[in-house]
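Each of the next two complexes has chain A plus one more chain, namely chain B in the first and chain C in the second.
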Partner chain A sequence: MASAAATAAVSGVVLPHSLLSHRSSPPHIVALASSFRRLSLCASPRRTTHLVARADASAEAGEPEAEAEPVSASADAEAGEAEGAVAVAEAEEQPPPSKLKVKFGEIIGILNKQFIEEAEKVKTVPDLRPGDIIELRMQRPNKRRLSLFKGIIIAKHKAGVHTTIRVRRIIAGVGVEITFPVYSPRIKEITVIRHKKVRRAKLYYLKHKLPRFSTFK
Partner chain B sequence: MGSHGNNLFGAVSSSVEAVTRPSHCDAISQQIRTFIQMRTNLKVVDNSGAKRVMCIQAKSGKYGAKLGDTIVGSVKEAQPRGKVKKGDVVYGVVVRAAMKKGRSDGSEVQFDDNAIVLVNNKGELIGTRVFGPVPHELRKKKHLKILALAEHIV
Partner chain C sequence: MAMAAVGIAGGALAPLLAPRRRGAVSFRRAASAAVVVRASYEAGVGVMATKVGMMTYFDPATGKPVPVTVVGFRDGGNVVTQVKTAATDGYDAVQVGYHGVREEKLTRPELGHLGKAGAPPLRHLQEFRLTAVDAFEPGQELDFAELFKEGDLVDVSGNSIGKGFQGGIKRHNFKRGLMTHGSKSHRQLGSIGAGTTPGRVYKGKKMPGRMGGTNTKIRKLKIVKIDNDLRVLMIKGAVPGKPGNLLRIAPAKIVGKNIPKN
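Moving on, here comes the complex of A and B:
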């Protein structure tokens, strides 16, 4: 159903089709992206053609773009529901029309930005740095109240939408370090309480120091 | 004391990959904690009388025990008047592990030490109190008594 619409979209516009054929194996790169994000395979070629159609149409003339837009918009919308059912945070909207050509290697970067934009709409993520003492509220699966985590950020691993922070605290006499994905929809609120001046990006030395350096009321 | 430069708290850090001399390239290997396997020393955090237990066997897991698994251990150090004495072979549930345990929402938990709570072979607790924080991974493993007695659930 979605693939039929995809092929209709491709054949409807002549110019992107010719350009697609001379690029080397587009479905392979997008298959990589799709397996990594658990999209259905029929949905992914549509997304590529939609990006390529935009880029080439805008590169060539305004007239084929008007034709490509309503066709790919409808395909986008209906496959958008299929994707929304599968993955956690999918971008239903189309990216802002950029006048630059989109290279296939940049697709993951673009999709990552879309995910981050989607997550940013639900909650604002403050600028987090190692050394910040934060308070984090997270939704647990079968509980109504949000659980609270406090602690100092000892590491931040930047990986696009899977950016994680590692938070350390002494709980009941034992040091606990929890790694949280920052853009996860389970995390409802992050606030920075204080900031401790540190001269490192990763504060793994804290676990070898006295417990009082990791204790936060 | 004879402990190496990177061993913290004496004999506790048994699952840390030992390094003879602190150097820059060992920083990464120091951070990677591994499973609880044979000869791992664990702290006992209930009032059953034992203080330290050495793992003899991990009951499940190809490479060793993780958070929430059961192990068989030998009591190495015990309090004078307790329910178990030194040299007993006991079962234990791992309630704190220095190795990260991933959760289904993408977060990961790790503690600063390895700790167990003694149980009998049917899974019932020997002690009557549990000290320190415990993770809620134990709920899935059906150790609800431990969760009920715990001071803090992480």
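Moving on, here comes the complex of A and C:
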């Protein structure tokens, strides 16, 4: 199955349309344990039998055409990449044709996870909750040392790689709230110092309370 | 004589005819009237794509968050389905197909047209009018990773989101009237013309009407990242339409740089 697909992919651009439209289905067989992939696996048996029959029938037809076809190196490289790419990404990307939206709907989630993983490699982001009193070190442009910001988290907006926390503190008698994107490469370190018990997700009421509730040494 | 008259009339109309296809018609008439055809060329061959969504990308150089649109490519890819030349069709263009579908979804004439190029069943066909089409052959697959690289500027066009029948304020950024102080006009157009002279409303007067749902082009968007594993392009900024929308991505036409001179 995989070899037939590989030949199909390598034989280049000019393929019978039926084969080309099914070119992406082989990874379905490689599908693993995610619920989404289970879905595609359920729907795929119908399509994979198609693929088997047609792949065998046209594998011979495909190959002689490959030599004659003035296929640019890009098509081969692209096919090779597609085959060699992570089976996870491929399987998630190409579900049965009836669910076109879901196919692309997975991509944003995957990208977010990728970026978060990359950011995690540089610094560990602890579990942040509203009510945490944190110390944050960030790199400012044109400054050698890391700047420090302390305060209480009054809000957390979860948005994948652009998850932000709003940190409040009284500085020189003035209340200051700064929104930080948690996975930004400029934020070098976040540590939780204490935790204040709160019964809210968003602590905007602190703006109207006495300054001493937002003061942290 | 009648033919010559028609030819001259056709030639005179040529500059007013904007779309490329009509350019081909006036070319035939122009051949008899010797009028130069003005046409709009692309800066290079482009691709078609699908809008997937938007997200944030942290630029590794500056650390700034950049809003990006993630643009994906459906199965079947971008395949050259026809190459039009001045000899055969009157103008030079590359016809590209996108979005592979099952055979049953296309009509036989469409399948025949695609079969002639050796292309799989594709749903959308669009032309990119160029000055030179030697490098393209029917059946050639266009890989976006080759045509574009990170940092390139592109023009993205697509159908914008339809907003329905909208008033002057939303449609034409008019300013509304006072809400209080005895004002009786809040969101109305106000005056639509002068007095006895000219005694009419000018054509093209901005008035309420249907807004959106039209082909819109956003120019000079930067490609921030190309992801080859997911077959995805990340473009800075927003593009027309909602996720799932068909987009046409072409190299940006920048005057003085890559706009071909007639």
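FYI, the second predicted complex is superposed on the first by the 115 of 217 C-alpha atoms of A that agree within 3 Å, B and C clash if a C-alpha of one lies under 4 Å from a C-alpha of the other, contacts with A are read in each partner's own complex, and residues count from 1 in each chain.
Simple rule for what comes next: a contact is a pair of C-beta atoms (placed from the backbone, for glycine too) under 8 Å apart; a residue touches a chain by one contact, two chains touch by 3 or more.
Quick caveat: nothing in here was measured; it's all calculated off a predicted structure.
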Chain B versus chain C as contact partner of A:F180, first or second or both or neither: first
Touched partner set for A:H162, first chain B, second chain C, both or neither: both
First, second, both or neither for A:A172, with chain B first and chain C second: first
Touch count on chain A, higher of chain B and chain C: C
Touching partner for A:T215 - first (chain B), second (chain C), both, neither: neither
Partner chain in contact with A:K207 - chain B first, chain C second, else both or neither: first
Doubly contacted chain A residues - partners chain C and chain B: 162, 181, 184, 186
Contact set on chain B toward chain A in their complex: 8, 27, 31, 96, 100, 105-113, 115, 131-133, 151-152, 154
Residues of chain C defined as touching chain A within the complex: 50, 52-53, 55-58, 60, 62-63, 65, 70, 72, 74-76, 79, 100-103, 111, 114, 118-121, 137, 139-141, 143, 145-146, 227-232, 243-244
Partner chain B, residues of chain A touching it in the complex: 162, 164, 171-181, 184, 186, 204, 207-208
Residue ranges of chain A in contact with chain C within the complex: 13-15, 17-18, 20-21, 23-24, 69-70, 72, 74-75, 78, 81-82, 85-86, 89, 93-94, 97, 100-101, 104-105, 107-108, 110-112, 115, 119, 139, 141, 159-162, 181, 183-186
